[in-house]
Amino acid sequence: MAVLSAGKLGPIFFVLIEYLFFIEIKFKSVEILKSYVIGDDMNPFQLDVNGLEKKARAIRRKIIRLNADSPAGGHTGADLSQVEIVTSLYFRLLNCAPDRISDDDRDIYIQSKGHAAGGYYCCLAEAGYFPEDWLPSYQHNDSHLPGHPVRQKTPGVELNTGALGHGLPVAVGLALAAKRDGRSRKVYVLTGDGELAEGSNWEAALAASHYQLDNLIVINDKNKLQLAGPTEAIMKTDPLDQKWQAFGFSVTQCDGNDVASIVSTLEGLKVEGKPNVVIANTTKGAGVSFIAGRPEWHHRVPKGEEIDLALKELADV
Amino acid sequence: MAVLSAGKLGPIFFVLIEYLFFIEIKFKSVEILKSYVIGDDMNPFQLDVNGLEKKARAIRRKIIRLNADSPAGGHTGADLSQVEIVTSLYFRLLNCAPDRISDDDRDIYIQSKGHAAGGYYCCLAEAGYFPEDWLPSYQHNDSHLPGHPVRQKTPGVELNTGALGHGLPVAVGLALAAKRDGRSRKVYVLTGDGELAEGSNWEAALAASHYQLDNLIVINDKNKLQLAGPTEAIMKTDPLDQKWQAFGFSVTQCDGNDVASIVSTLEGLKVEGKPNVVIANTTKGAGVSFIAGRPEWHHRVPKGEEIDLALKELADV
Amino acid sequence: MSNSEHLANVMVQCFIDAVNDGVDLVPVVADSTSTSKIKPFVDLFPGRLVNVGIAEQVMVGTAAGLALAGKVAVTCNAAPFLMSRSNEQIKVDVCYNNTNVKLFGLNSGASYGPLASTHHSIDDISIMRGFGNIQIFAPACPVECRQIIEYAIRYEGPVYIRMDGKALPVLHDAEFQFTAGEPSLLREGKQVVICALGSVVHEAVAAADTLKEDGLDVAVVNVSSIRPLNRQRLVNQLSGADHVISVEEHNVNGGLGSVVAELMAEQGMTAKLVRLGVEDGGYAAAGDRSYTRKMLSIDSAGIVMVCQQLVHETLV
Amino acid sequence: MSNSEHLANVMVQCFIDAVNDGVDLVPVVADSTSTSKIKPFVDLFPGRLVNVGIAEQVMVGTAAGLALAGKVAVTCNAAPFLMSRSNEQIKVDVCYNNTNVKLFGLNSGASYGPLASTHHSIDDISIMRGFGNIQIFAPACPVECRQIIEYAIRYEGPVYIRMDGKALPVLHDAEFQFTAGEPSLLREGKQVVICALGSVVHEAVAAADTLKEDGLDVAVVNVSSIRPLNRQRLVNQLSGADHVISVEEHNVNGGLGSVVAELMAEQGMTAKLVRLGVEDGGYAAAGDRSYTRKMLSIDSAGIVMVCQQLVHETLV
């Protein structure tokens, strides 16, 4: 209920919602999540499950086109993996809007898995942070949209990332500052699962727990693949839940390619003196049959008829 | 029984010993640990508990004098904290000897908490790795014994350390090589407890577990103090056992200022596909009443009458 | 360009040859198997590669441990993460401990062009020059690369090799014999001497050839060996010129530009130096290689222009 | 020397003054409260300091996050670990993100003398010069130090300040006014110009004064501002000399020695440069400060000797 109470709304309705998800009934196609009353200090979209799913599809289509147009390859699998997570954040959960990108109280989203910049850009464009027609310039010379996020170039980007394992330490600083300044801001960080082998994450985890940063929410895009193959085979980071627990985090799991599961999990997080981690179980390349679960799509872009095939699979029905 | 079977000795006697310790009877002053038959490929001292305790006292006296003589301060508390650990290793457990410091099959000890170089040197000198009369040159210009271990300068030193968090990653490489080469060698690493905030340790822990390095033994000198004060207050690394477990280690605890507890724990370690960690509960500055448990002795040396007071407390009875 | 080859392929072939020759070589990667194009090695020698996952500190620490145990440990991953993420492991575990580790900085410089500055390594030579013990090389072509790696594998001690991320054409002929420390004169000329290293040596050579057609006499020295360096040889190669230009896909601070500047200042040479590369305090642009180079004036056209201006100024 | 002060004390006093002035300054340390002598600050402003434990990566990352949230974040810990362990966090989180973080490299150079090379930071200026955006300073005395820190706290953007680990006497008089970028001429002279930075400026001044008694005319320039740097001013200060010497408790590569070399080579100066410091590929000896400096010829006696040799050679 963290986000909610931050939004200063009555929690009763959401307790109900939370309960519905708790008993794990997935009304995926039913409009069960009612919109908030939209205020200045909240997410301007407030989409329900249906709306989020539609957005997710639209963002996926953008991802396919963006990568197909890229002159320098792209991380299609990583982009697709996180779609529901970033969609849920930008279209419902984040207290942030394109016209409030410097608001001191806005929620912060940090794309620690910076190589999925393409997916991040498509979401930001869809949410109106910059003009859609920037997307075809992805990775072109002097583009507003380089191969990894650069805050000086792209409105809405909060942190230049690309070297893995940088998001969480910076998020610790942001969350700590918010605590000290008495701000309601929350700080969300999205990491990969392979990325969690970086020791910097565990340094930050210790500090987050030590300083009781319950305004910090780490989301692990646990797609079980990293660059060279399955995380289990390359460098096992499992059991993730036990690691986070031992490092003082409150741990929740969700289906990271299911907006209902993500939303209910994130809206249900407790604020009780511990940083939160959500292990989002995902499929790398989710949404496109011939990309999903295939390690070779970590750094590969759709070509030729793959483009149409993918777009067809992603069409609205 | 890892160390033992490496030493190719019958395990029956030690099962008994293990049992005795298991039921936590401390025969500290009784000679319960019989000597091994001394062979070429084992520790040349093979001291029993009495012998180890005597050595520990001798090493502590050396530590007091060494630090008192130092022109550049010293880490007296950190030196004293680890005495029983290094004494048990060098005078009983390590398959290494002054005349076999380049033997490819020797066990390796890595002093990851390099700032306790003084304590390390005193132990090495006591074990005959270099002349005793080098000790007063500790931290002098161009000394064989600089303020942190330098393998090019001091016989017996395996790794230049001093920046915390370097020992374990290197130990992973050593242990991995031993596995691949079919060597019986074991690799021991001593870390501090504050040191475990360094992410490099957890990177190495993942790798050690992934590569099933059961020839690797990490010992945490858990004295509950770091430089600035109590580890709990500065940056809590607890619960250590849960952290190591979640990172795939086999975890044991012992009283790190009790040679019997250390020896029985280390001799009782299982070799079953997992790296081992021994959480050695110690007191920083152990053995000297006015140093023990005092954070200010992290970087302080005995002066004036403190020297005699300390030596008196450490006299053989 | 039919004889172009990607330096990583050359590297992997050298590894294979070394193991076949009985060298106990162990590559260590950090999830960087594709970056290092190591598959042929893994296919031939399964179980030899060590992959520590996305963890550069332990990659280098592990390599140092393997080396202490008698292996020839070679790390292969992207240069920017090697330099920065494992900086202290290189400083301490490799250089200070003087372990027999060979560090390959793959896709160095702005090879990763559009991936932007987290992926650019424009300070690797500078960083290595600040560390003790380690030898430092930057091959400019596949032939030289092979010989440098063969040398490095046999040399006992730490070595850093800066590797470009694109296929490079051959520069040296069959008789070429690499000697550690020797800068090689690729084009003779007296008016301007261009010193370059790595892949931009090709830009320098192309520039010199263009300028020759315009009647300008421009030398090109390939300084592939940064440490050791036969300083006297380089001094001889520079002396007599009115102008010296250093060209590198690297910051103008601390790398080749500084090496040349140091020599010239120590000798009190009257020639004037122009250092081309990433300017003080700046970054390489995110974009394709030719764009990035153009922005830095380290493509052949940029070098030509700088040379012409310099010679023109001298004449005026 | 009655007016000697430890630079860390100056630093902490500046922090206190800044907070009292309403600056939202947050010091971040990595178990380095004693190293940074921060207790008076903590006593006055309990709950303001952030101690992340022995974890330099998260120290710098956290500082960047605090800065993004509007704080003036200052990190205080030993220079060697800052430079190397958090190298990529400085590169990315501070420099590339251009965050308002001030990095204090405490006990830099060989301040930690007998603690040996893991504790020496003899490449920090070189490393910082390879990064973008960040400004770089090395104060030589408490008066200058205070003014540099006051400037840095008000300047919006990343700054690195190299801090010596010993009490240093005052060099500048009360009227001294630090200006970022300005090298200051401490002694005038025409035969030799000594450029120095940080605590060895005192060695250079002592050497110049000794040499003056011997009738040699030696200038001393304190290059406390490495970036920005008024290059033309430094060129003017150097021009006319037969010899230039750079003196630094740092590697001769990439730091002040290279800065001076680059300027001289670019200008085609005929003066000859001698770079004093840790030699290429070497280390500073483990020992007390005077011993270490003696070994490197960067103590006043060593500098005097080098100057005498140079002038003698010129006469012969």
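For clarity, chains are labelled A, B, C and D in written order, and residue numbers in each chain start from 1.
Note that in this section contacts are C-beta pairs under 8 Å (C-beta built on N, C-alpha and C of every residue); 3 or more make two chains touch, one makes a residue touch a chain.
The model shown is predicted, which means the values in this text are computed figures rather than measured ones.
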| item | value |
| --- | --- |
| Centroid-based (C-alpha) most distant chain relative to subunit C | B |
| Centroid spacing, where centroids are CA-atom means, of subunit A and subunit B in whole angstrom | 45 |
| Rounded Å distance between subunit B and subunit D, as computed from the means of their C-alpha atoms | 38 |
| Distance from subunit D to subunit C - Cα centre to Cα centre, in angstrom | 29 |
| Residue numbers of subunit B (touch at least two other chains) | 160-163, 197-200, 203, 206-207, 210, 235, 237 |
| Residues within subunit D bordering two or more other chains | 52-53, 55, 57-58, 81, 84-85, 88, 92, 96, 117-118 |
| Arrangement of touching chains [line / ring / star / complete / other] | complete |
| Complex contacts: residues of subunit D adjacent to subunit C | 81, 83-85, 87-88, 91-92, 96, 117-118, 122-123, 126-127, 129-134, 227, 244, 251-254, 257-258, 260-262, 264-275, 280-283 |
| In the complex with subunit C, residue positions of subunit A that touch it | 71-72, 114, 139-143, 146-148, 150, 160-165, 194-195, 197-199, 226-228, 231, 234-235, 237, 299 |
| Subunit A - residues contacting subunit B, complex | 197-203, 206-207, 209-210, 235-237, 239, 242-243, 245-248 |
| Contacting residues of subunit B [partner subunit C, same complex] | 104, 151-152, 158-163, 166, 168-178, 180-181, 199-200, 203-204, 206-207, 210-211 |
| Contact set on subunit C toward subunit B in their complex | 26, 47, 50, 52-53, 55, 57-58, 60-71, 73, 88-89, 92-93, 96-98 |
